[in-house]
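Down below are the structures I want you to see.
Here subunit A shows up in two complexes: once beside subunit B, once beside subunit C.
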Partner chain A sequence: MTKDEPGARAPEAAPAAKPVTVQMRSPAAVGGGDLTEELLNSDWWTDAMVQAAGIPIVDVPFVSVGGGIGSFVTVDYLRIASVPPDRMRVLSNIEFPWKTYEYLTRVSQIPRGERIRSDSASRPDNIWGFPSYALAEAVRDKSLKPLWQVLVEPIWADYYTPKAGQVFAGLEREAKRIGFREMLVTGQVRMVRRRQSGGYFTILTPPPGTEPTRRVAYRSQFVHVAVGYPGLRFLPELQAFRTQHQDFHHVVSAYEDHEHVYALARTKHLVVMLRGGGIVASRVLQRLMDDRERFGLSTEIVHLFRTYVSGSHGPNAWNRRKGGNGFAYQGFNYPKSVWGGQLKSRMRKLEGDDRATEYKLMGGTSTPYRRRWQAQMREGRTGGWYRAIAGTVEEMRLENGMIASRVMISGGPVEVAADFVIDCTGLEADIAEHRLLADLLEHSGAGRNPLGRLNVERDFELRGAASGPGVIYASGATTLGGYFPGVDTFLGLQIAAQEITDDLARRGFCRHIGPVRSTSQWLRWVFSRQP
Partner chain B sequence: MENAHRPGLWSVAGDGVLARQGDLVLLSSIGEGGLLDLLLDLQAEIAEAGGDGRRFAGAVEGVLESDGAWKSAGDQSAPAVLAFGPAHDDLAVTASGTAWAEITTAHGVQMFAGQPCMLLRCLLGGPAIAVRGGLTADRTGRAGTDRFSRLDSGTVRAGGFSYYAGQPAAYPDRPAAPAETSVAAPAPEAVRSATEVAAIAQGPGGAPEAPVAPAEAEAAPAVEQPAEAEPATPAEAVQAASSFSAVLLIGGRPEQVEARPPLPSAQEQNGPAAEAGAPIVIGVYCKNGHFDDPDARYCAVCGISMNQLTLVPRPGPRPPLGVLVLDEGAVFQLDADYVIGREPALDAAVASGEARPLRVTDNAGTVSRVHARVQLDGWQVMVTDLGSANGTRLRLPDQDADQALTPRVPTVLLPGSQVDLGGGRGFRYESHRGR
Partner chain C sequence: MLPTLAGRVQTRVALFAVIGGLVTLLIAPVLPIAAPVADKYRDAFLVLATVTVLGIGWECLYHLLMQWRWEKDWPTLFGLVTLVPEGLLVWLLLEAKAVPGIVGTVTAPAFCIQFLAVWLPVWLVANGPMRVPFIRWRFRGERLM
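Here is the complex of A and B:
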């Protein structure tokens, strides 16, 4: 890694022996290292343009933007494929890769001790998937139960899934092993623009006071973009309550802390309305039902589904998913055939609307069938304290301290009153809501796929964004809708990382991970040795 | 600490000197020689001559520049001095040595991080909304102030300060008395009846037909507080062009703030309810223009990720910080301070309109008439035992043991904290903002 403009970063080299007067009218105007109009408006940048703006340039061949699990898995693969840490930089505003993931799981009722919805062998900290989480847990706890469970799942037992805390501990260990901290540069990535002579400039805004200039440009041949979800999109009703009435507690999102609902339920009778039918809805539902059982509460639950699934569904006997009581049941986010079966091979060949249709068939909100909460729901239906309805909300208002919702069901409108409404719909914002992605779409030639996300090739190269020998790769949730489904899962991120590593090996950036390298590197993993 | 956003100059204890003459403020370390005396004389002289901040900042800079003592000391460290004052519609500032300042104007926040060899003078566009400063890197800021530390004029020993501009009426941080009167006059009764109803309604094991949560009845008028005369919000001042000029005299350099678009108006942002009576605090705006806690990961209004932007601290109307959930089933939205007890109206803060009364009764008599106060400080929620007979205990989330609060010492509450009022009654603090 070399620095352009060495003088730009060494103020400490010349301590002021006597007062020196420096005019600093407007920091940007005198080359304080900020973006200029010319840079902002140009799709292609030259080195001279960046230098003229006073932005120091850091050369590094590979830059990963995001710093979450997507970046982590990708640099993990590349480290195993022989790339040393000083040839890669992860530009991120989070201190450790699982920070965002841990936050979201915790607030949506999956603390470290609870199990996430992921397969035993999908290990973001272990590209081989062996030993699996189940095996590791069996060894650690000296118990055969996890192994028995993976053997008989899903017929005689629920799918085995790892505990969140186990996943984070594994990531921490692997981060240390590959020297993740050495590669991490904190700051906010403002944009990635193509360089006229090939490659890219990635503009980072470092935290205030850490660098002499407002921006730093990373000049690289390869850029990897894994910025994750641009965020959630709260229900319009929730937003209206907050902006118009400054009421932040009657209508809440399942993805934010809403402990007051559970706390209050322990003190008095409550009616709680849930909206949504996915994994988070089932976690919130289980929390309400667990508390009800544990503390002897009288909480009533009204569960509103937009799409009510009453039974098994799918176009034919070979392509069918179980369902019932409103939910669509699926062990994991995607059918197993996504990973190596017929769905994977079919999707690789589909384009345009055909692909969108296939995604629609396969996708939709689903949740795993877990025996315990099925039993709790049965009890609730029998006892009359759990009711599921299908419909759409037309209006929500606060009346006498309760949320009155007018719901349009098949027979006409009905009124439902609840003390609290918990939004578990998990709607996601459009990718253009993310400033960096919007800039890629506008200035760097990136386009959208049939589902409206970033359009990537089969090797996860961002289509239309090539710059000479340079390539932008993208992986994770922002690329959902591509030739490979399941990109927003641990395994999906690993498959993307593998494709990217293979492509980079073809381009000579790293070595190919063949059988010999794979075996020797696995042994290094086992003994916690650096790759 | 309740003074945090009230107008005035609030000193933070320390080894230096804080002096105020009119609107000219000087914070300085006490060095050898007569430098400090010279600065104090200058301040008094310029204040008497009309208090021109530009002249003051220039004169302080001149003194520091010509003062030979520190230059010959060999370590090239300038004395820690911070001086500022209004210059027409702008603010003139001189900072040197390790003195630091965080200055909020309508255009945003400007940080001056102190460095030993720094001497800097600048003119910031627009009057100051808030200034925090100190002599050393230890930035206790307003957390180190208390309600008896206000300096209106004169000289005191101090190591830092928090300054909030404006007339009291322009800062609705303390619920304006007239507004509170119209709502709060019936409030003690409303609260009492509400909590009692809940206690009766709940009964053993809870009653399925329990009436509406009383808190809602209480909270509803609260959000509709009639506002006093609308304060001149910083948002309105933003239309003025930003001007920033600085002269960096020795080494170092100020941290720069992003060139920013005009702030969206509060009306657009948070609707009328937000404007009425919400205190102005320093926060951040999400990409969709909603005002948020600087520590939020996702916008509390629309859910968009806050991580994708360089967040620039700016002033804005503070949204509710969470709720208090009483043990017998009432919820109180935290958009103001509360005094909790059997007769909270006896507390001066309630009488003056600074806090709302929250009446809690218990048969065992363990709750004092004025027991505890829950205060909002910036984006934090604090609890203070007001010298109650049986004390107040706090259990923070994920902790097995609780701790007794030292009377009259504010303690930070985290979401999920359980507060016990003398052994009989209690409440929880919960927040959508999470931990």
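Here is the complex of A and C:
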């Protein structure tokens, strides 16, 4: 493995941002079109090394890796900032940007007709957030109800949130408008390595049989990494149980398909144990309670909280979050002002431990206070079929076809037997468990922030990964812990996209979006005209 | 709304100056005040200036009150109902002849018409259309500079 500093060699001829060049070169005769030991072990690559391996090179100034909502909002911003589709490529293993998001929302009990946990003005298909989802819904349905809800939220009504289907329909329209399909290249991104002459090589493994070689290298000045969550992790005791018993049926994650639980509940009496106190737990709980009501079921629910919130909590009167019955209540993932108000402003100035402490104060698992959920849970508590307990699981075993959990509560251990355990904790894996991110950490100079994720600057440039005039940007969940907390949300991805676009405008890659351009582009959005 | 104190003040001054100024320019001649048009303009713009200047003080108070909110946000309705205390204060000052420079008599209907005709468009613009020309505004605590 070679170890060179970016400043150690003068950039020769970085891939130019202009003019546009997207060309496929023929594979060199010598290599077989796959990664060689030399490439795998080198932090810095030369054009000759890639050519010698027989890997074809495609030149394009900007590459976004991921292809989900993070990539989508970034190229959307750049299209609006004058970048034509042929100067950008989105490398992705999904066919449309909301595919993973839709899968996760659907299995975690938010089908298209249900409302997601997102603000009315957080529109990934509209960089202006105007018209908001509420206004669009009001116009479409010829109803003032959504607007009234926005007017009186959150004091006299729950926060307005859009239906998942409305979000997907908007994304589809915007994807067509900006020519997303023209930019999309499907395949698996294996790594991003710095190029000695500046810029980067992004190695794509195309689907089998679609390319003559096993790998294709994208040579670009800019790379954007938005690969989403590095992976899902189970609670340790649940993972141990699944591994030991090879039972993936009775212990399930809310983020994997678990319809069999609801289907079985319709045929017999079940006891279901829920783990976690966040939005996903609320959603699963709602599904169980809705089904119970709709089909006259007798399902019992035991809700286990590791941290039981019994009331308002926080260090002082100015930092007190509402809570009760086990849950911490908050409209969105973070206090709302992290997306634009004083918390965003404060976090931007904090470094190291100070930032980590602030994250701890405002973070933690929370769920929105929704009047319908509260009524359902009240009914469950009164009827004795919904029980919340606080504790930690010491042991899990199979007994008579049921999962017996030994739970340590404040008064000592208790036994809880359930037919199914649904893990709604949504623990995330370490970024190093993602192959591309691990490679960035090991070979491309990337480092970790105070929360252990990718360390990015305020403009989302990946610290330590510069290559001549080239820059890697990263946005989304992998950058949590940076100067901006709400990264893994629609609005957070747009905030990152705006910072990245502004930085790229400073570097001459696109135009600055000022008031005139913004307004004229908004009009084009209104009339579904290309940017 | 997710304002910082600087954002509150900047947005208040900018919107009242631009939208308030345009509205006042249009409606001042037809306000029910028995005075020459020049005097109507003078008084109407003085009322607008009073609302704007006092508004800076109000924004400081709102910012303080916002600190008790966990979200550190300013709900849409708060931005609307604050027209009541703000309007009352300006009206009381007019009644007490404490607004310098007023030459005529600002009647209650004239004040109400102008105040609402300015306040409501300002509130509406701040809650949506403002984001169209100023795409960074909502992410920067509503600061314009």
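Things worth noting here:
By definition in this document, the second predicted complex is superposed on the first by the 493 of 531 C-alpha atoms of A that agree within 3 Å, B and C clash if a C-alpha of one lies under 4 Å from a C-alpha of the other, contacts with A are read in each partner's own complex, and residues count from 1 in each chain.
Quick note on the criterion: contacts are C-beta pairs under 8 Å (C-beta built on N, C-alpha and C of every residue); 3 or more make two chains touch, one makes a residue touch a chain.
Quick caveat: nothing in here was measured; it's all calculated off a predicted structure.
In the superposed model, A:231 makes contact with subunit B only, not with subunit C. By the touch criterion defined above, A:155 reaches subunit C but does not reach subunit B.
Once chain A of one complex is fitted onto chain A of the other, the partner contacts of A:342 are limited to subunit C, with no touch recorded for subunit B.
With both structures placed on the common chain, the touch criterion links A:260 to subunit B but leaves subunit C unconnected.
Looking at the shared chain after the overlay, A:298 reaches subunit B, while subunit C stays out of its contact range. Of the two partner chains placed around the shared chain by superposition, subunit B is the only one that A:252 touches, whereas subunit C remains out of contact. One of subunit B and subunit C touches more residues of subunit A, and that partner is B.
Those residues of subunit C lying in contact with subunit A across their complex are 2-5, 7, 67-68, 70-73, 75-77, 80, 128-129, 131-136, 138-142. Those residues of subunit A that touch subunit C in the shared complex are 121, 127-132, 135, 150-156, 314, 317-322, 330-331, 335-337, 339-345, 495, 498, 513, 515-516, 518-519, 522. Of all the residues in subunit A, the ones that touch subunit B in their complex are 11, 15-28, 32, 34, 93-94, 100, 103, 107, 188, 190, 205, 208-209, 212, 214, 227-234, 239, 242-250, 252-253, 255-260, 263-264, 267-269, 296-298, 398, 400-402, 419, 429, 433-436. Within the complex, the subunit B residues that touch subunit A are 65, 71, 76, 111, 113, 117, 119, 122, 198, 201-202, 205-210, 212-217, 219-220, 223, 244-259, 269-271, 273-274, 278, 287, 290, 297-305, 307-310, 319-320, 322-323, 325-329, 331, 333, 335, 415-416, 428, 430-435.
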